[in-house]
Every structure is written in structure tokens, then in C-alpha cells.
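Chains: A, B, C and D, in written order; residue numbering restarts at 1 for each.
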Amino acid sequence: MGTNRLEAFSDGVIAVAVTLLVLDIHVPPITPDETLLHALLHNWPHYAAYAVSFMTIGIIWVNHHAMISRLARADHSILILNLLLLMSIVLMPFATELMAAYLRASSGQSLAAGVYAGAFLLMAVAFASLNRHILLARAHMLSIEIPLEERRRILARSVSGLAPYLVATILAVVSPYATLAICGALAVFYALPIASGGEAQPQ
Amino acid sequence: MGTNRLEAFSDGVIAVAVTLLVLDIHVPPITPDETLLHALLHNWPHYAAYAVSFMTIGIIWVNHHAMISRLARADHSILILNLLLLMSIVLMPFATELMAAYLRASSGQSLAAGVYAGAFLLMAVAFASLNRHILLARAHMLSIEIPLEERRRILARSVSGLAPYLVATILAVVSPYATLAICGALAVFYALPIASGGEAQPQ
Amino acid sequence: MGTNRLEAFSDGVIAVAVTLLVLDIHVPPITPDETLLHALLHNWPHYAAYAVSFMTIGIIWVNHHAMISRLARADHSILILNLLLLMSIVLMPFATELMAAYLRASSGQSLAAGVYAGAFLLMAVAFASLNRHILLARAHMLSIEIPLEERRRILARSVSGLAPYLVATILAVVSPYATLAICGALAVFYALPIASGGEAQPQ
Amino acid sequence: MGTNRLEAFSDGVIAVAVTLLVLDIHVPPITPDETLLHALLHNWPHYAAYAVSFMTIGIIWVNHHAMISRLARADHSILILNLLLLMSIVLMPFATELMAAYLRASSGQSLAAGVYAGAFLLMAVAFASLNRHILLARAHMLSIEIPLEERRRILARSVSGLAPYLVATILAVVSPYATLAICGALAVFYALPIASGGEAQPQ
């Protein structure tokens, strides 16, 4: 199969997943006891989590484009690994709401933050797996020949992106705020021009 | 009409349907009585149903691409049968949540699992019907001529895919877990390289 | 502007609107008082409304394609009228749920059915308005020249489609079931091969 | 990267965001105390906010197309600024529901209207920022050379669009109705043929 429809379907799934994030931001109920200002400010974890998840998924989309554009065509194995990657991306609205809802709870906050960073880690692993499969096992399907050394360099960047998300996941035990801060810092880092050596690189 | 916009619309509908599956996974409410870990683990039917539905719809998308790519153009009858197929796919977020919500209930669990497998069966029937219509009644619209024997072989694979979903639907009377296990096993089977003789084949 | 991105955006909006219809079908809460079978059967207005709305929007999509494919390019006025058409289509998940929720209520059922058929009428009016604008006021933007007589014939079909929805809206005063039946019959009629003189025609 | 997939992804996100607006329009619960007619009429802020937000996002989509179509290709910085623009657009379903829910509340209504107009302002700022970056900093990526004077003229229109939304945001302190009226008037103005000097221009 050509890669056009693979891209179109992936774009569609990622676009919907990223937009569903807004459903995690709830309108505060009208109450006599609390001002709207206070209620809105109190919801800050939802805004922070929204921004971090949106930008991270957005950067994954940028990288996904770079990854797929190297392909001349796709076979069954690439389609299935791509479905697994999309399946991990679609989990983000859930993981994002979980983290935001529990960030200030008296119990469960570490687990929620761990699931959040763990979902990022899962996306990064799925991305690196697909990238590895394309660059090594399906190198004959690339649209232009890329020297093995260069392919290994691209892959090393994908793999090196796993480490900070692993750290963020583990740090959730210590502090869920640290986890959120790391994930946010990574999103900012990958958004900066310095992070792109020709292509954006969260993984 | 050309098949481009037919593909674009189908991609869009399938991409949204598959992404809405995440809305079936609810964030547990914060309660003093139950730990988050316990609540998350307790929700396992939702994760299992999510994964099974996501992969099955994903494989249907792969097959849909293969089916439509054989066409040079589409007429009214193909568009309508395709709408019916999409209508069955869009039901999946409902059927998935129904099954997950009732899997461990003391009553209704068999019916819920039957509806779940029945929804897969409906998709498979809609897919096979469209495929049959394209390969037999609209063979003159194919982009390249395919011998009747080969067309019958493709169709036989679509039709043979109905049987296991019929079995899964009937087995819901005995055990809803068996139904879920069969649907999951089928998703894994069709995802494996062995299942694709040039194209993935859940139907 | 070319019509490619106009089609892509319209496809996206219609695909999402049609898929959101599934959110109107709720999983019955687990109760000791009622069996799941009874609860599911009791929800039949939601399934009927889902099927009618899905097929009708689907046929509008088919006609939208035919309408836009006549255009070589689009100007500001076409884009704005198209946005108004999309705005009416996106209302359908609301109108569909309203009708289904109130069909058997002791009060409000006629109004709900009237709003439902009225929403179809609104779509049909928005469609006919855009079609009229394209065929008469923007005839110089058509990709191939179409004789005035033929353009009037196409338009007459769009306009003639308004009448049955107007009847269905008015009949809501008498019986909401009649309204639903008419809308359903129209969806079936337009889906039949006989309804397409080269293109499907609900409007 | 070419601009095709940038457009496709942006189209997808905007199409989903605009369609999710319908989720803000709730079906009134069936109650013995209130007629459906009264309940539906009482919900008018939701319809007004829906229409205003839908048309404004729609016009932003039109302008987005004009902006991106000037580009021959996109680099990392354009993709990131485009993600920030999309992130502001996706907030609209939340801001729209907030405004509609609080418009007639006894407290919080000014803040809610301020957030609503502020969200429009944010979109306009994000749009103007991306437009400025494209027209000035990335002028060498334009598909056809545009004289500096002409580029400044296009940009001035983007920037001049900020003022009315700033006024609407500030006026929320005085009257949330005035804010809604201004946002609505702007949507109508930009939809009128007079507003398009070759392209629609809310910013």
C-alpha cells in the first residue's frame, strides 16, 4: 500500500485525540459557595496537563510525518505497528485527565502521575519500535537509500528520547509535580528550534 | 465519483470512531474508601475491550483500504453500502462500553457480550456484502481486471471471517469471558504477519 | 481557493458529526430492578434515530461531493455558505438525541420531533441555498459549462427535496412517530438505486 | 516538509474542534415542572454561543488556508507556531460552554464572558504571530515572492483584527451581553462579502 492513506488515517486519529483533550477541561458548576475565579484557578492542573499533552502529541505528529515520509510504501507489519502507536496516542485524553484530577488528591497522586508519564513512555516506545522496524527491517521500502550509519543515528535519537520519560515515570513516586514539570520541560525543549536537526525529535 | 473522497470520508469516520473508544475509559472518582490502584485494576475490562476494539477496527481499516483500492470509481450503490459499513463501525464505542460495563455484572453480562460480538459480526457482514457487491456485481468498475476465480478467492476469505464472530456471539450465552477472549484472539491473529496474504484479513 | 481543501474540511466536519451520533446511544446503568434486555429494547428510539440521522447525513455527504465536484474553484461567498451548511449538519447529534429522548415522553414529544425534522429541513435549505448560489450566481466558477436548463433541473431536485421534510416537521404536531417514520422513509428512498439519477438526491 | 500534511492535520483538528461545539448544547432533562419549549428557549445562550464560535472558527479556517497556501514548504518553527494556534482553537468548546453556562448567572458572568472573548483574542494573537513569522522571518519559504509592502499590508490586517476582540474582552466587565454581541457582530462582518479583499479576514 502507498503511504498516502496511512498518513491520512494517522493524521485523523492524532487530530481527534489531540482535540478530545479539551473534554478534560470542565466548566465549573454554578455554586453559591465558590466564585468562578477561584474555581477556574483551582483547575490549573487541567490547563497545564492539556498544554503539555497537546504539545507532546503535536511533536509526535511532526516526527511521525518525518518517519513515514521516508517510506516509499508500507506492508502489513508497518500498518500494525502504526496501529499500536496510534492506540497509545489515543490513550492520552484518559491519562491526561487522570493526572490532572489526582494531582492534588491526598492519595493516588503518585500513581496517577506515573500512569501519565508512563503513557508518554509507551508512546515513545511504540514510536521507536516502528522507527526501528522501518529503518532496519524494512530498509528496502525506504523511498531513498539511507546509509546504515545514518539510519542508526536517526534511531539513536528516537531511543535516547525514552530516558527522560522513564525518569519522569519513576520520579512520580517522589513527587507528581516533578513528573508534570519534566514532561512539560520536554515539550518545551522539543518545541525549541535547537531540538530540531532538520526534524523535531521527542523520541 | 472517484474513490479519493470516498476513502477520505471513510478514513475520517473510522479515525473518529476508533478515537472515541477512549471515552469508554473513565477516570475513577476520588473516594476515601478505595485506593486508585484498586480502582484502576478493577477497570481492566475497559482496557481489554479498548484494545480488542481498537485493533479490530484498525484491521478493518487496513482491509477497507485494500478493498477500495481495487476500484477505479464508485457508483451510488457502492457509496450506500459503504455508508452501512461505516454505520456499523461507528456503533463500536457503544458496544465496547456495554460489554466492559456489564462483564462482571450479576445479570445482563451474557447479553452485553453477545451484543459486543454481534457488533463485530455486523461489521464483518457489512464488509463482506460490500466486498461481494464490488467483486461480483461491479466487477466492471475495478481498476484492473481480476479473474473471476481470484475474485471468488478474495471473497471467500471475507466470508470465512464471519464464522469465528458467529461462534463468539453464540458463546456469550455460556461465558462472556470466552466471547471477549475469542474476539481478542482474532485481533491478535489478524495482526500477525501470517494472517496477511498480501493484505490483512479479519473478514 | 481550490476546492480540495474545502472538500477535505467538509469531509472532516461531516465525518465527526456523523460519528458523534453514537454518543446519543447510552449504556443502560446496572440496576437490580430492570433486566438489560428490557433496558436495551426500551432504548429503541435512540437506535432508530441513529440510523435515520446517519443515513441522511451520509446521503448529504454524497450530494455534497457531487455539488462541489462541479466547481473549479471557490470564492468567499461559497466558503461562507458552506460553513452555514456544515453548521446545520453539526446540530444533528443534538437534534437526534432530543427526538429520541422525548419520543415517548408525556409532554414535549411533538416539539422534539418538530425540532428533529426541522433540523433536517434546515440542512436541506442550507444545501439548496449553496447549490443555487453555485449553479446560478457562480456559474462562471463551474469546472465545465452546464446549460442553464440543466442547472435549473439539478436545482429543482434540490428544492423539491424540501417539501417532504416540511411535511414531516408539520406532522410532528399530530404524531412524533409519523415524523420519525417519514424521515426514515426518506433516508431509505434516497439510499435506493432508483433515487439516484447519476447522483444521490435527498435535496 | 511540504505543506500538504500540515494542511491536512490542521483541517482535521479544526474540523473536530468545531464539531465538538455541539456537545455544549444539552438535551433538557424530562421534568414535570417545566415544558420542553420553555427549557429549549431558556438555553438560547448555548445556541448563540454555538453559532458565534462556529462561524468564527470557520473564518479562521478560511484564513488559515490563505496563510498556508502562500507557503512552498514549512520548517520546524512554522509547525510549532501552527501547533500553538491549533491549541488555542481547540480551547473554544470549553470557552464557549463556559460563557453560555454563566451568561445569566448572578456571579461569574463577567469573568466567563471575558474568558470567551479572551479565547478569541488568543486565537487572533496566535494567528497573527504565525502570519508574521511566515511573512517576515520565513519570507524565503513563500511559494511566490511577495513585495515587502504587500506582506506588511496582509500582516496589518491580521494585527488590526486584534483590537475588536481586545475591546470585547475588556467590555466583559461592563456587560457579558455586550461581549457576546461584539463577537457575534464580528463573525457576521467577516462572513459578509465586503470583509474579503480576496480572502476572509477576522484577524
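Simple rule for what comes next: a contact is a pair of C-beta atoms (placed from the backbone, for glycine too) under 8 Å apart; a residue touches a chain by one contact, two chains touch by 3 or more.
Just so you know, these numbers come straight off a predicted model, no measurement behind them.
Taken over every residue number at the interface, the positions common to chain A and chain B amount to under half, indicating a different-residue contact. Between the two copies, chain B and chain C, the C-alpha superposition involves a rotation of 90 degrees in steps of 5.
Separating the centre of chain A from that of chain D, both taken as means of CA atoms, is a distance of 26 Å. Centre-to-centre separation of chain A and chain C, using mean CA positions: 36 Å. Counting only residues that touch two or more partner chains, chain D has 8, 12, 15-16, 20, 23.
Of all residues in chain A, those touching chain D in their complex are 7-8, 11-12, 14-16, 18-23, 25, 27, 30, 35-37, 40, 51, 54-55, 58-59, 61-62, 65-66, 69, 191, 193, 195-196, 199-200.
Put simply, chain B touches chain C in their complex at residues 1, 5, 8-9, 12-13, 15-17, 20, 23, 76-77, 79-80, 83, 86-87, 90-91, 93-94, 97-98, 101-102, 105, 107-108, 111-112, 115.
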